[in-house]
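Below: one structure in structure tokens.
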Amino acid sequence: MNLHEYQAKELLRAIGVPIPPGDIATTPDEAEAIATRLGTAVMVKAQVHAGGRGKAGGVKYCPTPAVAREKAQAILGMDIKGLTVEKVLVTTAADIASEAYVGIIVDRARKAPVFMVSAAGGIDIEEVAATTPEKIMYEAVDTRYGLLPFQAMQMGFFLYKDVKLARQAAAIMTQLYDAFMEAGCSLAEINPLVVTPTNELIAVDGKMVIDDNELDRKPSIAALRDESSEAPSEVDARNANLTFIKLDGNVGCCVNGAGLAMATMDLVKYYGGEPANFLDIGGSSNPEKVVNALRIITADPNVKAILFNIFGGITRTDDVANGIVTATKQSPLKVPIVIRLTGTNEEIAVKILQENGFSASSDMDEAVQRAVALAKGGAA
Amino acid sequence: MSIFIDNSTKLLVQGITGRDGSFHAKQMLEYGTNVVAGVTPGKGGQMFEGKVPVFDTVADAVKATGANTSVIYVPPMYAADAMMEAAAAGVALIVCITEGVPVLDMTRVYPFVKEHGARLIGPNCPGLITPGASKVGIIPGRICTPGPVGVVSRSGTLTYEVVYQLTRAGIGQSTCVGIGGDPINGTNFIDCLAAFEADPQTKAVAMMGEIGGTDEQEAAEFVRTKMKKPVVGFIAGQTAPPGRRMGHAGAIISGSSGTAAEKIAAFEAAGMGVAKRPLDFVELLKARV
Amino acid sequence: MNLHEYQAKELLRAIGVPIPPGDIATTPDEAEAIATRLGTAVMVKAQVHAGGRGKAGGVKYCPTPAVAREKAQAILGMDIKGLTVEKVLVTTAADIASEAYVGIIVDRARKAPVFMVSAAGGIDIEEVAATTPEKIMYEAVDTRYGLLPFQAMQMGFFLYKDVKLARQAAAIMTQLYDAFMEAGCSLAEINPLVVTPTNELIAVDGKMVIDDNELDRKPSIAALRDESSEAPSEVDARNANLTFIKLDGNVGCCVNGAGLAMATMDLVKYYGGEPANFLDIGGSSNPEKVVNALRIITADPNVKAILFNIFGGITRTDDVANGIVTATKQSPLKVPIVIRLTGTNEEIAVKILQENGFSASSDMDEAVQRAVALAKGGAA
Amino acid sequence: MSIFIDNSTKLLVQGITGRDGSFHAKQMLEYGTNVVAGVTPGKGGQMFEGKVPVFDTVADAVKATGANTSVIYVPPMYAADAMMEAAAAGVALIVCITEGVPVLDMTRVYPFVKEHGARLIGPNCPGLITPGASKVGIIPGRICTPGPVGVVSRSGTLTYEVVYQLTRAGIGQSTCVGIGGDPINGTNFIDCLAAFEADPQTKAVAMMGEIGGTDEQEAAEFVRTKMKKPVVGFIAGQTAPPGRRMGHAGAIISGSSGTAAEKIAAFEAAGMGVAKRPLDFVELLKARV
């Protein structure tokens, strides 16, 4: 789960990281009022889960409250990478002497959170990593020990020669690590970490991505979810306990298991089609899930054919068949459907489907080929 | 022969009285797995299915039954503790089926298990099966048949699909291992490949990877430099968009790293057979066993 | 540093351990008032750093406030193992169905905090360990991981078959561990941990010993020191940065280094004398320390001779000589002194001493023999 | 020969610009120790005594100078971090002089140092000296002379006393090691005894223990079962009362355990020479080298 910049900054501020003052606005009036209250030049920043806000015109410098109002007007409602801007952060514009990057990710190879820090901040760290890797220091944290003071100081000195700044940076990195662990992050970053002309450090932008698996035990973090900033179909799917990702093709896929779901998408492509989505109904055998899945798939107007691919292990294929029958009775399908199922209770499932006018295949390749042909308007 | 589990496996089921644990414990018993104990705190003293004693703690269970393998079906927030409890009690092989374990928990579990000298498979995995001998986890027994192919995979149902097609084509399996789809897991491809290389029964290996991370690339390098037995690989997620988690916590392309294309290229560079679709395993393995 | 029972209980209560209500009294009036306020039968318990309070008559059951007053009167001012009782804890008397012991010590061999738990509580755990060791469960905690939930549950089940009690005990052990770590303990125990007739757990007595090395970074714990409950000479020594332990002999010892100080005491005994104290002036070279050391040694009326044994490494022997001269000028000695010093600046030191009428030896055995003889009233 | 330090020792001083660190760094330089670097955060780039470069971090110092040994003079609350920093930077031998390190810190430092493959001596110790070759710590160099006796001790000035008497009697030392007086330390008697047993120069060992713990008893068992070289032991604290910490955090008799009597009995049972007073070492060792 992605946090908005302003949410990440609230968490960081609470743990002691110096953050420029600011507040969130959903209307130009509010933006102007905040700018007036701050009494400084401000930045108006779109709060949206998409990279490249700046390039898209979603971040503006505003010398006066009137300009803040005007820019907020322009940014609110703007579409950035398919997402509508509903909120802007209005925050004091910092004077910048230099910019650094400080981030933590969970590294699979090292099986640990790993700091990445670079004095070349303010820009995309992946670009720095690709072009000037020597400008990045990596430091893995053994979570059994936590971030050790000497590690934080090493990183502080990597960024700054001056011991005062190095110490301040070390303190901020310790706070960032604590916030990362407390919130259950898979990524947390401050970019840029700014040295002001008066030689103070300040975190001008913050980002946190939460490990979804943490949310059950972190209700205060889970409460930060902003469904207005996500694709409605994905919100719908999550609430139905489905894993769904919208894609651009026209073959709607419904599969049990993430690996098989990916392999099914790949096979659609292999046979010349384009998948409309990734959808994993998971391991449980609940007809209701199938009903929800069909609703979500058919809500996409691009979908020209629907493909079920179910390998029954824990999943009972008869439950899936019942789900298909129920769903199509509730709202008849407008596009053709191809059903492949095999495994647990396969015979019962086939019987249920046949009695309700569906045919079923037990062969994955055959089913995928038919679905691709149907989506292209060919014969079933 | 086989890897990791065989007729000497004495299995303990953590969470045996729960919904998933009891269902799969029955399935494993039916398959013939030697299930010697179950653990559910507060249910110590009960008997499961009239024949498997239940204990309050893993330590009690191990002491009483000599269990050497444990399979875990507990809710995600308790899974880390369950894995560590098993390791501390001296269980040698720990298989965690639970999906949804926070990855930061695994940064502690992994070194803990290692310090205790145990092997962990999973979490978020279907477990493993040595057809005809022992099943630990949730892989459906009826789709498997004994034979010469070792199977190792990051996913569940995709494994079933491949095993099913192999079995239908008359190609049996030595052991099938699902290592799980999480970013940090206890056993990786290389661990399994090394075990298959050393296992006399195994003549060839089927390996199902997916997008995310670099485990498949490292496995390919291992195949190239350390293995004599043929390996056929597949990568799921060729059509996955970058930056999105494809169901599995570990199946995510970060920036330009972890793509299917680079993994397939690594397979090819290692001289491995490359299955473009699951069905291709059948012909590629037929030619190799 | 030892905490009083009431202090340990406050820390445990703050972290969530169920503790019977109570308060501290320094007068019989206060004790009666507290008992009245509690409205239950109470225990009046001497707060003093000595074991065996109960046997010494320092713990009494009081069914009414009037009895509480009477017992407090008897206990306040009582001498228990040389310490005067200045405070009593007046606390609700618990109904007891069973008593267990739960303790944590830092174990040198395992290099870790180790829990000791036993269903045979309420009595001296060392006795249980000696006579029925199978009644004790030991569980080491790897501080990198902390007390793991399964460890706490294992101990819970060791104490109680009932899962509800086991879980409650596990929670209390986790709290005890957290308190142990937060306060920087070398020992923490709850003895007894009581099951009440209504099947609830409650900690009826608590004890915590703090690692003195933690006090610098734990000011709130350091503030709990109760100097009124310690021997004045030891308080005086600690404030002068000396390590001093009063003993029963008549040869006052002043040594640099703990090992050499013990060896010097042993040598006094070897040659037939009895050391009056352990005193380590440490490694620094501060004449002021020597002045304080002499003041503390001579305050003990048992001391019949004073023995200095200084091996100058970091310690400069001339500083020690100057200290002796200064101190004896301020207040002339009433008992003979034997000075052995060797090492750094030995020649200067000898000269300083001789100029001021002292002789000095460089041989430890010779010096000790002379001091023993002098303490016995023999010739120097 | 010698143990742990010799002419190949390249020493780093952590806290080199502090009061104790600078004093002893000078002493070590004067003794001829190869002091290659110092560390004080914020003083990187300075030169100590005009010849020893100072760095901000241990990692920097090791990278620039190849230091393989570190000696620590930092305040007690920073000592744990300093020890871990040295271990993480790849320093092989870490000597912590600092007194007053909280024992709970050591429960983390000990496994950390071990995981990094380093040896720790101390904390709260005088360090070690190989007479004529290298001195790391605070043992006064002038009381030592090269020779056949290995010295290992839990205390500082008591060690000096014994070494001084040995030197006066013409008995030189291979290496003198002060392992420190804290309850948890990095190197124990057995580690040193094993090293002395393997060291060709050492012909006999003098061992000074004290009350508290069971290290001396275990060392005696080691002497009995694993050593050919003669060992003479001494225990300080025969007159210490139970339950009182005799200066050293580790010198405390708990209940009836850790007494001088049981330690001396263990020495005798192991066939070791027993020095009743420090002076006895001279005759006992003369008879053994």
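Couple of notes before you dig in:
When the chains are written out, they are named A, B, C and D in that same order, and each has its own residue count from 1.
By our rule, a contact is a pair of C-beta atoms (placed from the backbone, for glycine too) under 8 Å apart; a residue touches a chain by one contact, two chains touch by 3 or more.
Quick caveat: nothing in here was measured; it's all calculated off a predicted structure.
With centres taken as mean Cα positions, chain D sits 55 Å from chain A.
Inter-chain centre distance (chain C to chain D, centres taken as mean C-alpha positions): 28 Å.
Counting partner chains per residue, chain A has residues 144-145 touching two or more of them. Contact with two or more other chains is made by residues 108 of chain D. Chain contact topology: the protein chains form a pattern that is neither a line, a ring, a star nor a complete graph. In this structure, the chains touch in the following pairs: A-B, A-C, A-D, B-C, C-D. Only residues 106, 108-109, 111-113, 126, 142-144, 181, 184, 186, 211-214, 216-217, 243, 245, 247, 255-263, 265-270, 275, 278, 280, 283, 311-315, 342-344, 364-365 of chain A touch chain B when the two sit together in their complex.
Here chain C touches chain B in the complex through residues 145, 148-151, 153-154, 157, 163, 166-167, going by the rule given at the top.
For chain B in complex with chain A, the touching residues are 23, 76-77, 99-104, 106-108, 110-111, 126, 138-140, 143, 153-161, 164, 181, 183-184, 208, 210-215, 234, 236-241, 244-251, 255, 260, 276-279. Contact residues of chain D toward chain A in the complex are 41-42, 44, 56-60, 78, 81-82, 84-85, 88, 108, 112.
Interface residues of chain A, counted against chain C in their complex, comprise 144-145.
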